[in-house]
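All chains are identified by letter, namely A, B, C and D, in their written order; residue positions are counted from 1 within each chain.
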């Protein structure tokens, strides 16, 4: 007669336990944003939920999803004060991080301990990451909570500031001002899920706060992003000196970020500019233009987003189309033509352009230039 | 000063609580298998897990996934005896069903209460569905467990019989024989996850057991199936008299099923034959063949799987290619030609063929025929 | 010693001539726009080019592409007066149709003889279809050409009227007025390639001209549309009494058309309205609303385009979201809620909505309603 | 009154001539096969047809398609003796190359002048490329034709040798032997279209002939390959010293090729081995294994084909799975484990494997090894 086997023994016996998902291929799709000179680009999603608050997945899923999606670092940030599943799931604040970390480490992902401080508006929701003890944040006054997070070394950012405001128009309340003045507020989500917040974008520029973008995902990620939907999740690109939690933390405090939101990047021009330049390459060995002839310039874009360019058609020594798209991971053509029968000689022509989907300011594209080495020949 | 708000009040206040996934479109992709004459085809996944045993998702996710995947009915069947997350999650056996049901009902899905009876091999794992009280199955002797399930009106099937057997070669142990003889075993998984089991297939044919196919999914379903992977999850097609749990249960006991496994269907010829015939249509208004000329016959296949046909090239009054594929949801061409200069008159030609991916017996295709109405004209 | 074999003999010997493309599967993707009551919907592209003018493919390719793309009827309309390949290709105006027709007929496609009358603007380019003799259109004065086409029974439409106009703003010149007054102008392309022309749209409404939409394709079609680009080619939906050239011609003269342009349909409300209604279905067996509760209404859209709906949130007895998308070929959810605690009884609620991508007037959506059968129950 | 405008003037006037395809984006998808040490990998399709023989497209299309498909060099090789469209198209043998070349050059593609010498079997069809004068090949005796091609400096290869043979079993006829002995036969198509020929593969190895693989495309390429079909066209990878026609020709005579056929590469091990090694990278900064623990090794594959690996599970100091797939352009996981409790120290472990889809011999995979730098630690 067979007896009930203790679960732990059973688990040991179940080396070949049939779990269909584990037989499906585990594959990582990288997100080839370039490194910037002297810095490493880390792809981060620092706001996500599990069954330990109101998310719908076990913490390990967040690491597995992140690895597959090409991320480098994540923070699981369950609500401290809002745990609707607590009739069934423990309220131990340390558990999500403790559970996700081994899975993440087996995949080479950085994981950051964090939590979401959850109040009605104002002051709304904050994420605190790089925490040492989440449970210590269970205090009544939100100022005490934020101070505690700060004293633990936490990096604190304001989540989705437009939430519960009329028309999602973000409002800077006295509560934010107070926390900001005390030096406890370090960043704002300019992107939360599928929402880009131009007001928050301007605040980050004006108040020297770090621009953050996160998924705030509750469901399995593929229910909202990925191949099913033809989109990539939002994330924060962090430009760090090393691939470590410390370097990531320092980069966040130093505001070295840009935010990915669908096919847009939001950030300071000083980061968007090299990111753009490092990801494109002119493939023509030489661009030889005779008189007013046309030539097709081939531009490779290795970044995982398209670049939408607008040219001032006669802003340089070359005639240009009004627009061009540099498709992600592809080679595009830009037809340029000579503007003079008599031009001659070889020189670099800086072709001014706007990259309209790189937002250096709220809803305003990055001004930059394509540098083409051209050999001009007079018309015969 | 603001005080900590009780979670229940907070939940009420959070009508617009930002959950990115819920802003992404919720879309159902139907699986247009046809109904059979007098019966309704129900697409069922009757073996899946949640955080209440060793699955990685909250129960509601299983309903949401199933609705999106085009299913009609599901059973969440968490292990009774194997609950590795019990340090964090309650072991109340009633909870998965109680949690998944309201979400499923809001989407019009049928949900069946069930559980997985979990022993080492033999006797291995059984699923019992249509249970009234899962907790009552917590007994030592597996015979007592199965009897209790049976006495609750349960439909009981043997899961993945090849598991833990050398080379996944299924073995019919004394334990199965005993339960089978007592009338407590009603079906076997001929498909579990990505594995098709021809031995189990033959057993079902020989012993008059119901053929079952299920995902046994633990991870979020899109980690293993769906657009990310280019596959559809396995499932059991049940041919029921109505869209109700009772009719579903009766159809299972009556063995009215076929099993989908990637691009294959496994079942009895009496179900595969009408399923095939109901899903194809010849589009040519008339097939007019003059002498030995060729004509392109257009065949629409509305089923969500391709049909792979093999013809005996001269098995009828028509010349045929060796093979043809009727692509899922598309119109295919089959070139047929006359074999005689003198044929004349209009008649239905039955073109014998094998549909090699409809398995009427282990790894053997369905023998059927295409019925073409042809008007023969003598060569001039 | 082997001698040079005449090409015709060689062709006969080459039954198995290796042509890779013919071994790849030939598959038709249907475009499931519904038929309208009493009418058959024909999907037509009536403007396309081959190597016999400035197109880049052999005429048979246009039939093969059209069949694969789910079309019912095509007209190859090579330029009469512009044949840049004439150093290499014959200028016999009858050839494109004579070559494309047998291929089209083997696939069950209707083919219409036509040509493009090619002048600078004004009067620009006209297509004349249902011609008997294209060569007869080689005359100097464009009025003579158009009259000849008309006298052959031709249906004549003005192509891409915005071409060569500043900012593609179409201008109605005296030349058009003259031809229009003589009754020789029957339609206008409101869509040519990827360009929708709202001015031409308004002209069609005002002057009772037939709305046309065509690809005007020169390259192989997959270079511009189809799976490579994620788009479908533009086309004219013609609502005919039968699937014959005569019925197609009569429908064109009767202005029974709607034009597909990416995810939009342009046409008269009297055609767009039934097209929309015939392609959607409410799947809930009953919509039961208790008090102010919410219910998810499932809407299947069988058409090959999404429908973008805008609701007036409280325009009926039901609360509604601001917007909903009914995805092509999918089932979508619309959350409706009761607005009263005391409503009771079963009745059909007409929910007013705008379908913003069905253009009943220039850039203006179709006003219609979803009809929901609701059973109201008072709140308990 | 307006007069008929000469076509040449009209062409000049038609700067904005509406050609839909040219408004769709022209995008190149690169095929990131790596360069080999000291050599440049050129992706070549050296067998294709146009309307100048029995192809269905204008010659320029072949250049446009090739650029979009990521190729570096093409040869249009119309049949000399089989021109079924000659009632409508000129038989001037120089035209296809003269027409395709300017378009190809504007896109940076190399184009090679060639033709297909077309006889029944034997001797069947030969391609001759790097010709100076195609018309000079119009001679009766096939030996004269081949000699003439050879004397022009031509590289001559036998096309699809299995064509017209029973079951596509290639036969080496006296005609081939004669030409081979005279030194006029330099290569064989081991891949033509979708057909791989293992007999031809063995001949190339035995007789020191160059392995060729080409599309032999007649239809627009997207009708047979590409995103519509989920495949890439077959091609010859040529390992040249420079990106010039001369270097390409020399590499062909030196037999520096490998052939792509769907997800397989056929070639000599000396080329397949570095191609494989140059396209994979182990991403773990260090592989640290403690006792018999497991570690996930991350392998990036930058090549555009998957690699299918088979391991001998205990063939090294590491335990391995039976199989692994390194997906194209992705990062895959291979779980390796220690086999000893006492292993220690850091060393490179060569893990033997077969890459089953790299054919170093007919239908036989490449034997190679993954080199992993492992730091072993004794179990505690």
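Just so we're on the same page, a contact is a pair of C-beta atoms (placed from the backbone, for glycine too) under 8 Å apart; a residue touches a chain by one contact, two chains touch by 3 or more.
Just so you know, these numbers come straight off a predicted model, no measurement behind them.
Asks: Do chain C and chain D face each other with the same patch, meaning over half of the contact numbers show up on both, or with different patches?
Replies: same
Asks: State, to the nearest whole Å, the distance from the C-alpha centre of chain A to the C-alpha centre of chain D.
Replies: 38
Asks: Could you pull out the residues of chain A that touch at least 2 other chains?
Replies: In chain A, residues 25 touch at least two other chains, as defined above.
Asks: Please list, in label order, each pair of chains that touches.
Replies: All chain pairs meeting the touch criterion are A-B, A-D, B-C, C-D.
Asks: Across the complex, what residues on chain C touch chain B?
Replies: 25-30, 106-108, 283-284, 295-296, 298, 300, 325, 327, 330-333
Asks: Show which residues of chain A lie in contact with chain B when the two form their complex.
Replies: 1-5, 7, 10-11, 13-14, 16-25, 51-52, 54-58, 60-61, 64-65, 68, 81-90, 92, 95, 99, 118-120, 140-142, 160, 163-164, 192-195, 215-229
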